[in-house]
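Presented sequentially are two complexes of chain A, the first with chain B as partner and the second with chain C.
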Partner chain A sequence: MNLISGIDITASALAAQKTRLDIVAQNIANAQTTRTASGGPYQRQVVSFETELIRSQGSAGGALQSVRVAQVSTDRSPGQQVYNPQHPDATADGLVTMPNVNLSQEMVDLITASRTYEANLSVAKNARMMATRTLEIGK
Partner chain B sequence: MNVALVGHTMVDPIFQSDNYVLARKLLDAAVVRQEAIAANIANAETPGYRRVDVAPDFAEQLKARLAAGDLSTESAAIKPRLIEDASARSLRPDGNSVEIEHELLAMNRNSVEHEYLTEIISQNIKQLKMAITGRTG
Partner chain C sequence: MSPIGSINPLFSAGAPALNKIDAPLPKLPGLHLGGTAAPTTPDGFGRMLDGLVATVDAKQSEAKGLTQRVLLGDSDQLHQSVIAMQEASVSFSLMVEVRNKLIESYQELMRMQV
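After this line comes the complex of A and B, so read on.
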């Protein structure tokens, strides 16, 4: 039992959303990267979440589950081909394969992640307030 | 109420009044609910997650005991537990049934309830102190 109830769960969510923000930042930063160490243009990375059992209640049914990053996978969809013969990575017919990063999609992801982060922060704040009030019982 | 139980002190009746026992039980439930809401909001983006909540039979059991007249005996067996909220529908393609606005509202509501209950318990203890010392401070 934690003094501040549920704070471990909220902490896991904050960490998970932070990872997602990092990945979004990486995607946006590499939106124009046409050459990577593994060759070919940058491929967009996607974060997926999964639950992690924190406390089971046995046969009672519900259990408390925190969240963690399940995996960071690569979006394999093909990137746009742009005609740009001057580009060092252009093929013989002058086409350059750009990364499959879609800026508007990344922005939506960014906003969703930061809103979810905020929601979790307010849960942490509320849990703290409740713990303080509990400690003030009898005062 | 059982005042003359062996090994019990004179202040026990105060800590076994219906209001006090009820407030204590509901305070437990408020803490469990806070944990449930924390888990729900944490998993707001997890595919397939189903929201959890305090089982509704907790309040019903308390009500039944209250109606039966004595809350102080056997009430230890009534514990708030978490169940998957079967009534929550999922409108999302990933099967997640959490609505973050709903959770935040529930959290605020729970927080007010928690404040109210801690206040009741504090008042009970203050009354006891006043009875002992004859002073309000």
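After this line comes the complex of A and C, so read on.
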């Protein structure tokens, strides 16, 4: 039994956007990381989403689709080369390969994730308000 | 059957604290008069209320468990915990609404001219 309709979908969307926010945080935090466990500089991570059937709705007929994180893939584009001979990860030419993280792009991703989260939160708030208002019929 | 007799299972089912308040009642001999509905086997409406209380209780303990997991750091699904709390709150309001309707109809019957 689910008293507040559609709240499962909103919950999964919130979880997906939260994962996206986590990945953006990881990208920004590692914007200067030149050494990773797999060797080489940090590579930017990208989140993609996919739909997920949650349950068949008796009244609506069709099945409802929620969202989940499909995969966290790696952005393979080359990073910027910076001349810095004092750096421990510099090559013989004195060049250091920096991560391919673009801070302004990450900030745009951050704002998008945050605004999508907010939109889903207002869906949850409205669904709850509808249920509460329905209970006020008897008053 | 007195309508209040069907409320008794409501209190003996879900809330342990109320169970204690309810406990001394059967010892009083005068209170067994209209007891066609025994508290152990509620019929019809009593059983429905019983199920309602059990559902609300399950939702509240689910919300409690999720909140506890978030607070202990086992889970970072903060929204799940808050949503579970809201669901528990709405189902509790529904239960209170059903109870209000029951009391209202009982009072309506008591006001009836004979």
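Here is the rule we use: the second predicted complex is superposed on the first by the 129 of 139 C-alpha atoms of A that agree within 3 Å, B and C clash if a C-alpha of one lies under 4 Å from a C-alpha of the other, contacts with A are read in each partner's own complex, and residues count from 1 in each chain.
The rule we apply is simple: a contact is a pair of C-beta atoms (placed from the backbone, for glycine too) under 8 Å apart; a residue touches a chain by one contact, two chains touch by 3 or more.
The structure presented is a predicted model; accordingly, all values stated were derived computationally and were not measured.
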{"item": "Combined model on chain A: chain C and chain B, fit or clash", "value": "fit"}
{"item": "For chain A as apex, the angle formed with chain B and chain C - C-alpha centres, to the nearest 10 degrees", "value": "50"}
{"item": "Touching partner for A:Ile111 - first (chain B), second (chain C), both, neither", "value": "neither"}
{"item": "First, second, both or neither for A:Ala25, with chain B first and chain C second", "value": "neither"}
{"item": "First, second, both or neither for A:Ala119, with chain B first and chain C second", "value": "first"}
{"item": "Touched partner set for A:Ile54, first chain B, second chain C, both or neither", "value": "first"}
{"item": "Chain B versus chain C as contact partner of A:Val67, first or second or both or neither", "value": "first"}
{"item": "Comparison of chain B and chain C by chain A residues contacted", "value": "B"}
{"item": "Chain B versus chain C as contact partner of A:Gly138, first or second or both or neither", "value": "both"}
{"item": "Partner chain in contact with A:Ser5 - chain B first, chain C second, else both or neither", "value": "first"}
{"item": "Three-chain overlay, closest Cα atoms of chain B and chain C, distance in Å", "value": "7"}
{"item": "Doubly contacted chain A residues - partners chain C and chain B", "value": "7, 10, 138"}
{"item": "Complex interface listing, chain C residues touching chain A", "value": "55, 76-77, 79-80, 83, 86-87, 90-91, 93-94, 97, 100-101"}
{"item": "Chain A - residues contacting chain C, complex", "value": "1-4, 7, 10-11, 14-15, 18, 121, 124, 128, 131-132, 135, 138"}
{"item": "Touching residues on chain A, where the partner in the complex is chain B", "value": "5-7, 9-10, 12-13, 16-17, 48-51, 54, 57, 60-67, 112, 115-116, 119-120, 122-123, 126-127, 129-130, 133-134, 136-139"}
{"item": "Touch list for chain B against partner chain A, complex", "value": "27, 30-32, 34-39, 41-47, 49, 52-53, 55, 81-84, 100, 103-104, 107-108, 111, 114-115, 118, 121-122, 125-126"}
